[in-house]
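Below you'll find a set of structures to go through.
What follows is subunit A paired twice: with subunit B in the first complex and subunit C in the second.
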Partner chain A sequence: MILEVDDLTVELPLGYRRKVHAVSGVSFSLRQNETLGLVGESGCGKSTLGKTIVGLVKPSRGSVTIAGRSITTLKGRELRLARRNAQLVFQDPLSSLNPRRTILNSLIEPMAVWNTLEPDQRAPRAMELLEEVGLDPSLIKGRFPSQLSGGQCQRVSIARALCVSPTLLICDEPVSALDVSIQAQILNLLHDIREQRKLAMLFISHDLSVVHNISDKIAVMYMGRLCETGQTAAVYKQPLHPYTSLLLDSIPGTQLDEPQSGESGESEASGPDPATTTQPLEPPSDVSSAINPPSGCRYHPRCPYADATCESEQPPMRELRSGHFVGCHHPLA
Partner chain B sequence: MKARAATSFGEDATSSAPLLRVRSLTTSYVGERGSLRVVDDVSFSLEGGKVLSVVGESGSGKTALCRSIMRLFPTSKVHVDGQVIFDDQQLLELDDLEMSELWGTRIAMVFQDPMSSLNPVMRVGNQVAEGPRRRLHMARSAAKERAISALKSAGIADAKQRYSRYPHELSGGLRQRVAIAIAIANGPKLILADEPTTGLDVTVQAQILSLVNQLSHSAGIAVIMVTHDLAVAASASDDIAVMYAGRVVEIGPAREVIGHPRMRYTEALLLASPRLYQTPHARLNAIAGRPPDPLDLGPGCAFSPRCPHADSRCFEERPELTASSEDQRHLYACWHPASAALDEFAKLAVK
Partner chain C sequence: MPEGTESHQVDIDPDTLHNDAHGHGGARARDKTSAGVMEANSQEPGKRVLGPAFWIAVGWIAIIALAAIFANLLPLPNPNLTGAGPAMAGPSLAHLLGTDELGRDLLSRLIFGTRVSLVVSFASIAIGTAIGGSLGIVAGYVGGVVDWMANALAYIILAFPPLLLLLAIAAFSKQTLPKLVAEFAFLSLAPLFRVTRGATLAVANREFVQAAVASGAGRFRILTREILPSVLPSVISYALLGVAIVIVGEGSLAFLGLSVALPTPSWGNMIAEGRTFLAVDPWISLIPSLAMFSLLLALNFSADKLGERFGSREAKL
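Presenting the complex of A and B:
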């Protein structure tokens, strides 16, 4: 296992004894050469989870282990070494690069910080990395981020993340700011890099079509908790959690993916009620938030199947099918 | 130069004059480096009760098109040529005062980011009521009634309580509903929505899109929706116009444009988007290169440098919009339109 996250809880203090329950009791693991897609709405805690894994945010409980080293208990030099294994790629490529530094210098810096190569070998290594992410090194190295397009900047960010040869790559919405035509290039690139370097990748995104394309496994997050995890194909084909089902129904343009004749052989995602697909489109109530999460199952105020149990008891994660876990009292199967 | 075929889009012989007619609209920014055509010879028509999505990558001129129709450009810096005929009025010939009479009453706009388009220090209800009070000269109480009903039409439950909230107290989806309520409060005939769902969660996006469609169809409002997302356009519009480098390169009924794209750029965009019918890790057909520099466009088709089907003609001669032989309402500008490959794609689309 490259990454093991166990019962991770992050509570961020707001003052006046109030706190944001950003991440609550999240556990999962990630193997070499495997991509986990983490999906959820904005504010559900997916970015906080990513930051906690690399040690940018202190968890209040639980543990994170990267390649056998515990991020949560180690200190000092040991911690630094452990963190080197995990690198981040952020959403906005332009603002994640130093605007006053040439691309070459931006790439050399992490190597200098980690003291990985002899100083005179760093520049050649940076050139190799630029080549690896599909840029022309001689053309790009002396430029500044403002002289590059968004797609090129994102390629540079990926190259920078690879500078210290990490075993885990965390991508936080890496293609959300890019146009569709560029997005496809970056997704293909990330896939190739993961294959070649046998990386473990955590891919955080709100875009369900993108996550479907790049992930082996999916984890759906709602208000700080994981509500469903499983193999990508299985989760998309037959979601077990009502929230996952709602998310999948909300993907725009899916009706075009279905046969036009209307003979929907697959849409019998047999739930408790056959009228699952026509969930009322109501604005979700504003009362529940991560500051004051609902009791029991956190999804119950929005859930069409909620009953008294859902209100009082938090559903444990159960393995309903092999490798397919769901945290719901009334799963859709 | 003027495409005759283009002028026919949206004008059926059966129907009367459409609500909005745009004729050879060309918008140029005048700057130190010369003038920059951001909208180039765009023509289309739109009837009441219909939603037209304008799709394109960033910099393709979709927002500039909206602003040109709305006349939101300073005349000293930006030249707008052509005709915009809205309800038998030539918008480009009106003086500023006459134009401002139309803003908010007959034509309204919804912007991308409701947090920055709403006034942060004014209660949302008052922002909705401001239109009826200022434009329709309604009394305070009548305007409030009007605002509450607009908020309700925009799908806001307990509109009376929400009336006195400030924008920061509402979620992103609710804020966008407020922006829509402001747009519909005066009963406009045309709404221009610039990326109305970008930045919203998928579940909220689905709600907003269905709201826009429902308002358009029930109240007979014509909607131009700008989006960069083909899937959004496909799911929520009657017609789609695809823009590339300032020009409309393909326009037609949504199902035709998405189901049977003819222009190679539209086809490439569709093939580049990850789709759920593909298996995980399916290789995406990325479009090589990047969008063209608008200051450095060749004489030919603007997409030719990135197009796998381009030949010398594509680089030298610009294709005009021509009607498809199957559907007269489906126009495309391409020398080598997809046809055989289209069947392959259609098969893909239905699995």
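Presenting the complex of A and C:
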């Protein structure tokens, strides 16, 4: 296992005696050459989870282990060494690069931190990386981030992440800020790099159609908790959690079915439960928030199937089918 | 398994992978030329020039500074020599700006007087920027208790009326140049701390800083190599304004007779001395006033231009 997250809880202080329950009791693991798509709506804690995994945010409870080293207990140089195994690709392409540094120097910097190469070999290595992410090194190297397009910046960010040869790549909404025409290119690039380098990848996105194409496994997050995990095909074909079903129904059009022929007819026929398709897309009144999360199942104020049990008891994650887990008292199907 | 890992690939021609600069379609060859075009386009508006007015202002500051530094080498009479010429004479070849009520050469007094203004202002702001700036950048990045304490201290210093402090010190002891520098440096600490801290806060949580943390860079490296380059231009621009403020402050003290002791000339005490003869010979006060005015104008203008030049790149993010 490259990444093991166990009972991770992040509570961020928010002024006097208040805190945001950003991540609550999340556990999952990730193997080499495997992509986990983490989906959920804005503010559900998915970015915080990603940052906690690389050690940018301190968890209140639980542990993160990357390649056998615990990020949550190490300190100082040991922590910095362990961190190196996990690299981040951010949402905002421009902000992710130092505006006052040329592209070449941005790539050399991480190598200089660790002295991984002789100084005169760093620039050639950076050029190789630029080529690996599909950029022309001779054109790009001397430029500043403000002189590049969003897609180019994102490619440079990916190259920078690869500088320290990580085993885990965390992509936090890497294509949300890009043109649709460029999104697919970046997704393909990420996919290829994962295959070539046998990386583990955590792909965070709010967009299920984006996650669908790149992930082996899917984890659905709602208000800091995982509510469903499973193989991508299984989750998309037969969601077990009402929230997952709602998310899938919210994807406009039929874009999901296009990439796989032969699959489309079946998924449409067996599609989401009729009961869920008629439920209102927006909750009637939702006063609950991550500052004051609802009791029991956190989804119950919005759930059409909620009953007394849902209000009082937090549903445990159950394996309903092999490898397909759901945290719901009344799973669909 | 109906769809394995093979089916994840989105249907995109691999050739277009190289084609980010202009988005849609096209082969690799075309992309290289279009990227070349982009370079030509983006270089021109991207690099905003400071303009000739900026260099005139900087040149004027440089001339004044050089004159002050090399005042001893210039063919000038001793600034304190009375009766170097007829009293209150107008400009002549021997005395280019004329003489004051004691017959001292005004140009000589003006140039030697520059020394006090420049030394006090630049030295005090340099010290203030070094100390206040480093405190600000550390407090802004580290945060927590360090930030809280440094901030509280800054509030206390800011709440103290500056003129009162200067007057109190001047009332109890004789002013000397080092003492003046120390006083103004102390007064500039808090504002420079606040500006640097604010600029640091603005970049400290940016993604490129987080990426540096994730890549394993230590705190010192992040402060000096990621944050400092972004913070420095705005701090320098603010420090130049600080220099202008200190020049006025020293001038005001000198006007009140609380700066360096007479007969050492300074712009402030020259203005104060000439005040008595304003009706008879306005030149005595007017000349140092104009010198101060032009220096302040040049300082403020160049600070403004610098802020604009580097601020625009910041805003482009």
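The criterion applied here is as follows: the second predicted complex is superposed on the first by the 308 of 333 C-alpha atoms of A that agree within 3 Å, B and C clash if a C-alpha of one lies under 4 Å from a C-alpha of the other, contacts with A are read in each partner's own complex, and residues count from 1 in each chain.
Just so it is clear, contacts are C-beta pairs under 8 Å (C-beta built on N, C-alpha and C of every residue); 3 or more make two chains touch, one makes a residue touch a chain.
Here the structure is a predicted model, which means the values were calculated and not measured.
Enquirer: Could you look at A:185 and tell me whether it touches subunit B, subunit C, both or neither (first, second, both, neither)?
Expert: Both partners, subunit B and subunit C.
Enquirer: Is the number of subunit A residues in contact higher for subunit B or for subunit C?
Expert: The partner with more contacted residues on subunit A is C.
Enquirer: Kindly classify A:136 by the partners it touches after superposition: subunit B alone (first), subunit C alone (second), both, or neither?
Expert: The answer is second: A:136 touches subunit C but not subunit B.
Enquirer: With both complexes overlaid on chain A, does A:222 touch subunit B (first), subunit C (second), both or neither?
Expert: A:222 contacts neither subunit B nor subunit C.
Enquirer: Using the superposition on chain A described above, determine whether A:246 touches subunit B (first), subunit C (second), both, or neither.
Expert: Only subunit B is touched by A:246; subunit C is not.
Enquirer: For A:299 in the superposed arrangement: first (subunit B), second (subunit C), both or neither?
Expert: neither
Enquirer: Given the touch rule stated above, what does A:325 touch, subunit B (first), subunit C (second), both, or neither?
Expert: neither
Enquirer: Once the shared chain is lined up, is A:209 touching subunit B (first), subunit C (second), both, or neither of them?
Expert: first
Enquirer: Answer with first, second, both or neither: which of subunit B and subunit C does A:28 touch in the superposed model?
Expert: A:28: touches no partner chain.
Enquirer: Once the complexes are superposed, what residues of subunit A are shared between the subunit B interface and the subunit C interface?
Expert: In subunit A, positions 149, 151, 179, 181-182, 184-185, 187-188, 191, 213-216, 233, 259-260 sit in both the subunit B and subunit C interfaces.
Enquirer: In the complex of these two chains, what residues of subunit B are touching subunit A?
Expert: Residues 57-58, 155-157, 170-174, 177, 201-207, 209-210, 228-232, 234-236, 258-259, 268-269, 272-287, 290-291, 306, 349-351 of subunit B touch subunit A in their complex.
Enquirer: Please give the residue numbers of subunit A that touch subunit C in the complex, ascending.
Expert: Interface residues on the subunit A side: 51, 54-56, 80-81, 83-84, 86-88, 90-92, 94-101, 109-110, 113-114, 134-136, 139, 143-144, 146-147, 149, 151-152, 155, 157, 160-161, 163-164, 179, 181-182, 184-185, 187-189, 191, 213-216, 233, 259-260, 262-263.
Enquirer: Looking at the complex, which residues from subunit A come into contact with subunit B?
Expert: Result: residues 41-42, 149, 151, 179-185, 187-188, 191, 206-210, 212-216, 232-233, 236, 246-247, 249-260, 281-284, 286 of subunit A touch subunit B.
Enquirer: For subunit C, which residues count as touching subunit A in their complex?
Expert: On the subunit C side, the touching residues are 1-3, 5, 7-12, 14, 16-21, 23-24, 32, 35-36, 38-39, 42-43, 46, 206-208, 210-218, 221, 225-226, 229-230, 313-314, 316-317.
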